[in-house]
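In the two assemblies presented below, chain A is common to both, partnered first by chain B and then by chain C.
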Partner chain A sequence: MHNPQLNKNGELQHLITIEGLPKAIINHILDTASSFVSISDREVKKVPLMRGKSVFNLFFENSTRTRTTFEIASKRLSADVINLNIAASSTSKGESLLDTIDNLSAMHADMFVVRHAQSGAPYLIAKHLNDTKQNHVHVVNAGDGRHAHPTQGLLDMYTIRHYKKDFTNLRVAIVGDILHSRVARSDIHALTTLGVPEVRAIGPHTLLPGGLEQMGVRVFTNMDEGLKDVDVIIMLRLQNERMSGALLPSAGEYFKSYGLTPERLALASPDAIVMHPGPMNRGVEIDSAVADGAQAVILPQVTFGIAVRMAVMSILAGTHA
Partner chain B sequence: MTNLHIKNGRLVDPAGGIDAVQDLFIAGGKVAAIGSAPQGFTAARTFDATGLVVAPGLVDLSARLREPGYEYKATLESEMQAAVQGGVTTLVCPPDTEPVLDEPGLVEMLKHRARLLNQAHVHPLGALTVGLKGKALTEMAELTEAGCIGFAQAEEPIEDTTVLLRAMQYAKTFGYTVWLRPQDPHIGRGGIAHSGPLASRLGLSGVPVMSETIALHTIFELMRASGARVHLCRISSAAALDLIRAAKKEGLPVTCDVGVHHLHMTDADIGFFDSNARLTPPLRSQRDRDAIRAAVLDGTVDAVCSDHTPVDDDEKLLPFAEASPGATGLELLLALMLKWAAEQGKDGTMSDKALSTALAKITCDPARMAGLAAGTLAPGASADVVLFDPDVRWTVNAAALASQGKHTPFLGYELAGQVKATIVAGHVAFER
Partner chain C sequence: MPTHINDADGFDFDALYRDLLGQVRTGLADVPDAAIVGIHSGGAWLAERLAADLGLQARLGFIDVSFYRDDYARKGLHPDVKPTRIEFNVDGATIVLVDDVLYTGRTVRAAINVLFDFGRPQRIMLAALADRGGRELPVAADFVGAHAQLAPGRSLALSRDAAGQLSLKTEDDNA
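Showing the complex of A and B:
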C-alpha cells in the first residue's frame, strides 16, 4: 500500500498524519520552523516564499483558532488565502466533498488546508488529487475526526525541543480524553518517532482507546502515579458534551481525579513543562494556577504554531530555503 | 427445453460424493443422468468441458439485489446477470429493501420480476418484524405462501428481547427458520471498524467482538426457551465461532454462514481508509480471520456467502465513516472459495478434498440450510450447473464485473477460477 502523503521520491507531497513519517522529515520541518520564528519578531512579518500561491482553508468543521493560525502563516509567506467555511456552504446544498475539491482545483488552488469531522477525509482528498494527476496541489490536514492533527503534533514537538533540547531522555505524559483526541494520536506518533523513551497516557478507562500499548504507550489510570517524574505534561481538552453522561459523571469529579493542580504538578520533574493545545477549560482539566504558572508554555505553543505551519506549507510548496 | 450433453468435464458434486471425469446429461430442465446417456437421449447441444470443472450452480445465502427501492445502486437485471456470470444459480436475498419485504405483495412482485428474467432462482427472506422495526411480527405464514423461505432482521437488531422471543416462538410454531446476524443493539452501534489497535490508530469508532458474542448468548438462551431453528448470518469473530461450536455440540438447531471477504481479509486491509474495505460486519483481526478459515474446514461454518451488496460510487467516494458499507460479491464468490481451497495446501496446490469442501460450502450445504432443493447434480435435480476453468487467472476490476456494484476490497487482485458457462434449470444463462 502506497502512503499517499509521500511522493515517489519519498518527499512530502501532503501532510496528513505523522504516523509513518521518517524522522528526517520531522526534523527538517522543525529546523525550517526555527528559521521562521524570528520573522514574527520583525517589523515586516512577511517573506515572499509563497507569493502568487493560493491557499484554500477548507473547514468542514468549525474552528476559529486553527483556521486563524493557518491564515496568519499563509499570509506571512505572502500567499493568497481563501477561507471557506464549508460547514455552512456547498455540502449542505448536497455537493459532494470531491466535487467541492474539483471546483476549487479548477480555480487553481495550490494548497488545501482541510479540517473535517471524519477520520480519513484528507486521505480521500489527497488520493483523489493523486488519481486525477493534480500532483501540484497539496493537502494539509488541519484535523480529521479522531485520527490526526499533524501540525499540532509538530508544534508540540517544536515546543518540547525548544525547552528540552533532546528527546531521547524524556518522559512525556498525555492526560485526558485520549479516546477522542486527534492531538494525542499525532503527539504519540511524533514522540515515538523522535525517540522519546517513555510516552504515558493518563485517563479513566472510559477515555482510553484500546491498543495504546501497541502504539508504544504506557497507560496509567492514576494521575499521581502517571505524573511522577515526567518532564513534559500535555493536557487535552475535555469537550463539553463528554463531561456528563456514560463516559464521565461530571466535570467536577473529572477535575478531582484528573485535573492538573499545583499539587499534582509538583509530582512531576521540577523543570517539567505544561502544554495544552487549547482552548482550555479552566477548572475542568487544568487549574488556573497551573495554566498561568511559570511551568506553562501554552502561549509559546501558539507562537511556535505559526512558524511550524509556515514551515509545513513552504516545504510542501517546494519553496522553503 | 433443450437436451444438453456436457462431456469430458471433471464433475464435482459434493452432495453426491462425486469427483471424477464424467459426462452430464440434461433433459427437461433436470439432470437426466451422469456417466452414460439415458435411453434414447439426443443432445441438442454438446459442451466440451475438457479441462473444466462441472459443478452444481452456486447457492448464495446473502445477495442484495437492491430491488425494490434502491435501483440506482443496482437493478434486478444487472445483479441477476452478475449472479450467472459468477456461477450463482440460486440466491437468497435479505429483506432490507425499500419498502422492506414485510408484505406478501412485495414478495410476489419480486419473485415475479425474477422469474421473468429467467436467470438465477431468487428466494427472498421475509422481514421478521414489520418494517424491520423490531416491534410487531409480520404475517409469516402469508409471506411463506408468497415465497419467503425464512425470516430475518437484516442489519436491524431487535432491541426488545421479548419481541425476539415471541418472533422465535411464532416461527417455531410453523417450523420457519429465523435468520439473524448477531449484533448487540447498543454496543458497537454506529461503529465502523473492528475495535482494536487499527481502529484506535486511525481514530475510527469500533465494533467490539462482544457486540457479536453478547447477542449470541441472548439468541441461544431464546432458542433454548422457544425451540426455534436459527441460521446465524455472517459471523465475524473467533469468539463467536467458539460459542457456535459449543451450541452445536449441545444440540441446538443452529447453523451459520460467513461472508467470503472475511475468509481472506482483516482490518489491516482498510489501509489508508479504503472505503472499499468498509463492510458490515467489519473486517476483524488476523486471529479472527484465521479462526474463520479453520471453522470452514472443521464444519463449524456451514456455508460461505458472497454478502453481495452493490454500492454506487457516490456512496463510496466519501470519508470512510460516511461511506456505505458493502461490496460486490456475486462474481467473486467462486474464485475466492477456490483461493481458500488452494491455500489449504502447503504449496498452494489444491487437493481434491479441499476443492470438494470449498464447493460444498457454496452449493449443497447452503441449500440444506435454506431448505432448498438445489446445490446438487443428482439425477432428477434441477439442472443448475456451473462450468468453470479453475486455472484461468483474471484481474478484478470494474470492467470485468457485470454487477452495478463495482466496489470490492479485492479490486486489482488476480484470482484463479473463471466461469465458462452457467446453466439454470437446463437453459444456458451465461456463456463466455
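Showing the complex of A and C:
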C-alpha cells in the first residue's frame, strides 16, 4: 500500500507515524533540527521560511505543552498560528471532522497540527486532503489515541543522538505504561529503524501490550533486571485514570515496583541518561532525586522538541504534491 | 586587478586565492578587528583559509542560507542544511562575507538577512573567489579573485577533496 505520508517522489508530505518511515527521512529531520537549535539563542529568534503560511493547531484533546511547543516552533518559522478552541467550536455543534477540515482549508490553511483521542484521526485527515486534491495542505500528527506521537518520538531520538552520538551500540529501556502509550510505540519504531540493537520494555503484565517481541523488543516485568547496563532510560507517565481501572493497585504500589529511584538508576550504565516525555508524576513513576539529578535530560528534551518540530514543519511545508 | 578566466583554460585555485587574500588584507588594513563569515559550503572553506591567513580565527563565522532562501516555496528545504555559527558580537562589527562564486546575488541577499538577525553590523563587505556575472540583484563584491566566463548551461563551484585540497571546477548546470 502506498504510504500516505509520502508524495509520489518519496518525500515527506504529512507526518502521521514513524512506522514505515525510511531511515534517511528520520536522519534528515534530525540533521535539520540541529541547524534550528541555535536559532533560539539569537537576537532574532526567527527565520523567514514559513512567512505567509497559516498553521492551524487542532487539539481535540488537551495538551498544553505539545500545543505550546508547536506554536513556538511555528512562530520561530514566521508562520501565522491559529489555535482553535475545539470545545467551543463547530465540532461540538455536530459538524463532522472532515467538514471542519474542508472549512479551514477554504480559509487557506497550509498546515494542520492535529491532536486527537481517536487513533487514526490525523491519517483520516491526510487521506481526505490527498483524495480531494487538497494535498498542498500538510498534516502533522501531534498525538492520536494509543497510536502514535511521531514528533515526540523524533525529539527523543534527537536527545539520544545528542548525548550518545551513535545508535548502533545502545541498550534503551522504555519503562511504564507501554500498553496505552503512543510515545512508546513511536519510540520503538524510531529506535528500531535507526539501528538500536537492544530495545527493552519494562512494566507490569497488565500494562504491556502483546506483540512486543515481534517488534524486536525484549520484555521485562522485573525493573531491576530490565535496567541492568542500559544506556538510555525512557520513563513514561503513569496516567491517573489507569489507577481507577483494574490495571493497577495504587500509585504507591506502582512506585515500589516500577518507580525510578537513585538505587535503581545505579543498575544502569554509569553514564545512562534519563528521559521523560512529561508531564511527570514525581513519586509515582520517578523519584525527585532522579528527576532533578545529573543524569536527567528531561528539560533539554523540551528545548530540542521545538527545533525538531521546526524541522518537521519546514520540511513538510516545502514538499509539493 | 582581478584576472579574466574562462572555462576552457581551467582554473588555478592557488593563484586566485593568493590574489583574493592580498585584496582582503589591503582592504582590512585599517580594520583591526574585522570578522570573516563564510557561506556554506564553498565560502565556508574559503573563510577558514582566509581567517587563518589573516589571524582572525577568533572572529570566524559560518552561514547556511537555507532558511532564508527565496526559492523555498518552489524547491522546498535544502536536503543538507549546515549549522549557522556566529559566535562574535555582530553589533558594530565589520564583516567580510565570503562566497566561492558570485552569480545572481540571491545567496548574498539571504546571507545579509541572516547577519541582521544576529545584530546590526557596522559594515558588510563581500569577497568572492570568482564573479561569473549574471546578477539579478544590485549586489557587487568588494574583493574578487577573478571574473569568470562560462559557457551557457555550465556552473562553477569550489570543491574539496578528502585531503582538504580546494579546487574550482565547472560542471553542467543540472548535474
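By our rule, the second predicted complex is superposed on the first by the 314 of 321 C-alpha atoms of A that agree within 3 Å, B and C clash if a C-alpha of one lies under 4 Å from a C-alpha of the other, contacts with A are read in each partner's own complex, and residues count from 1 in each chain.
Note that in this section contacts are C-beta pairs under 8 Å (C-beta built on N, C-alpha and C of every residue); 3 or more make two chains touch, one makes a residue touch a chain.
These figures come from a predicted structure and were not determined experimentally.
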Given the touch rule stated above, what does A:V47 touch, chain B (first), chain C (second), both, or neither? second
(message) Taking the superposition on A as described, I'd like to know which of chain B and chain C A:L124 touches: first, second, both or neither.
(response) first
| Does the superposition put A:S314 against chain B (first), chain C (second), both, or neither? | second
Counting residues of chain A touched by each of chain B and chain C, the higher count belongs to B
- Is A:S35 touching the first partner chain B, the second partner chain C, both, or neither of them? second
Which partner does A:A79 reach: the first (chain B), the second (chain C), both, or neither?
-> neither
In the overlay, answer first, second, both or neither for which of chain B and chain C A:G211 touches. first
In their shared complex, chain A is touched by residues of chain B numbered 195-206, 271-273, 275, 314, 317-322
Chain A residues touching chain C in their complex are 11, 28, 31-32, 34-35, 37-39, 42-44, 46-49, 314-315, 318-320
The residues of chain A that touch chain B in their complex are 1, 3-4, 19, 96-98, 116, 118-121, 123-124, 127-128, 144-148, 182, 185, 209-212, 214-215
In the complex, the residues of chain C that touch chain A are 64, 66-68, 72-73, 75-77, 79-85, 90, 113, 116-119
